[in-house]
Amino acid sequence: MQLARVIGDVVATRKDPGFDSIPLLLLQPIAADGTSVGRLVVAVDSVGAGVGETVFFVRGKEASFPFHPTEMAADAAIVGIVDQPRIFTD
Amino acid sequence: MQLARVIGDVVATRKDPGFDSIPLLLLQPIAADGTSVGRLVVAVDSVGAGVGETVFFVRGKEASFPFHPTEMAADAAIVGIVDQPRIFTD
Amino acid sequence: MQLARVIGDVVATRKDPGFDSIPLLLLQPIAADGTSVGRLVVAVDSVGAGVGETVFFVRGKEASFPFHPTEMAADAAIVGIVDQPRIFTD
Amino acid sequence: MQLARVIGDVVATRKDPGFDSIPLLLLQPIAADGTSVGRLVVAVDSVGAGVGETVFFVRGKEASFPFHPTEMAADAAIVGIVDQPRIFTD
Amino acid sequence: MQLARVIGDVVATRKDPGFDSIPLLLLQPIAADGTSVGRLVVAVDSVGAGVGETVFFVRGKEASFPFHPTEMAADAAIVGIVDQPRIFTD
């Protein structure tokens, strides 16, 4: 999984029916110190994350697991909200 | 999923039969502000996207889900057309 | 999928038996204008592509779909030969 | 798999129930000489790795294999602790 | 698949039991001319590759196919030893 910050969402009227009523959030992947790294990700959300929160998200087919038995063509899902990342060493 | 702009298509007479009569669109992945990031993607389309539209696409085996029960050897599919991405914070 | 140019092949006497009599081609991924981008890929071929041709290839488990019911440990397969990529906008 | 150093962990009160009581460690991927390469990874741990140890981790759906029959939406798992990487040639 | 050179191995006393008695080799991905590209990969080996040899390896769940019916949490496997890569054009 990777760390990211929720920075917005995606409004899409026309989309695969599997995404109906599923939140589509915009994520900016981040480093441990909160700086942005890499490109934006559009992710489904199963944990109720909000804009500004730090989350970790999963890539791949596993993205639809939290919605079981619903299946959707998703490759990224927020699976946790980070209280704090703890770095003990680098 | 990732944001992209539809910039063209691919004409291919010889291809795996699974792609027969499936649109093959050329996508340029983009950042939230619309600038190009990364290399072109050839994607199947299940939502009727057109050239110039902003879409989000899925990578991996999930790309063939919208065509179920048809299966094809695709690893990228457009799954939604973006009305607007909304950035509330960075 | 991604665009690539077939630039050669791989000769391998010792290999997983699943690859016996399957062509192993060397691909150079390319941008829309034909310039090289990224590193070489070794791909199986199900459509009879030849050196110098522009193709699109699929990554992941889907690479063995065109050979069904034969299964092999492949993660890249040529699935179409491009007559022409058509760019209508950037 | 890739080499990484365990540098911390992630505290997450709200997360997908599949992660309950599963350690979530922060990994810094490394080169053979121990220098950092690439971005942080949040991984589940099935082998009891500790901060400061060098490990190898797996990406993708395989990440949940060591927890079978428990399934979780993980895409990275520590699967071994490295006594030493041995480079014989470059 | 990708080309790589075998440069060493990994000694790991504590690891997922699925890897018991499976060789874990260190691979340096290479370009067609043999120069190093990208980061090290830890791969399982099913074809008896040795240090210094040029191989091609597969990524993803397919990595455990050559060991069927044994399943392991591997995402990279050597599946062939390259006699020679043949470049006919660039």
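Per-chain residue numbering starts at 1, and chain names A, B, C, D and E are given in the order in which the chains are listed.
In the analysis below, a contact is a pair of C-beta atoms (placed from the backbone, for glycine too) under 8 Å apart; a residue touches a chain by one contact, two chains touch by 3 or more.
The shown structure was predicted, so the numbers you read here are calculated from the model rather than taken from an experiment.
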Partner chains shared by chain A and chain E (touch criterion as defined above): D
Same-site or different-site touching of chain A by its copy chain B, using the half cut: different
Chain B and chain E, separation of their C-alpha mean positions in angstrom: 31
Rounded Å distance between chain D and chain E, as computed from the means of their C-alpha atoms: 19
Multi-partner residues of chain C (each touching 2 or more other chains): 60-61, 63
Ring topology as an ordered chain list, initiated at chain A and continued via chain D: A, D, E, C, B
For the chain C and chain B complex, residues of the former touching the latter: 1-3, 29, 31-32, 37-38, 46-48, 56, 58-63, 65-66, 77, 79-90
Contacting residues of chain C [partner chain E, same complex]: 5, 7-16, 18-19, 24, 26, 28, 36, 39-43, 51-52, 60-61, 63-64, 71-76
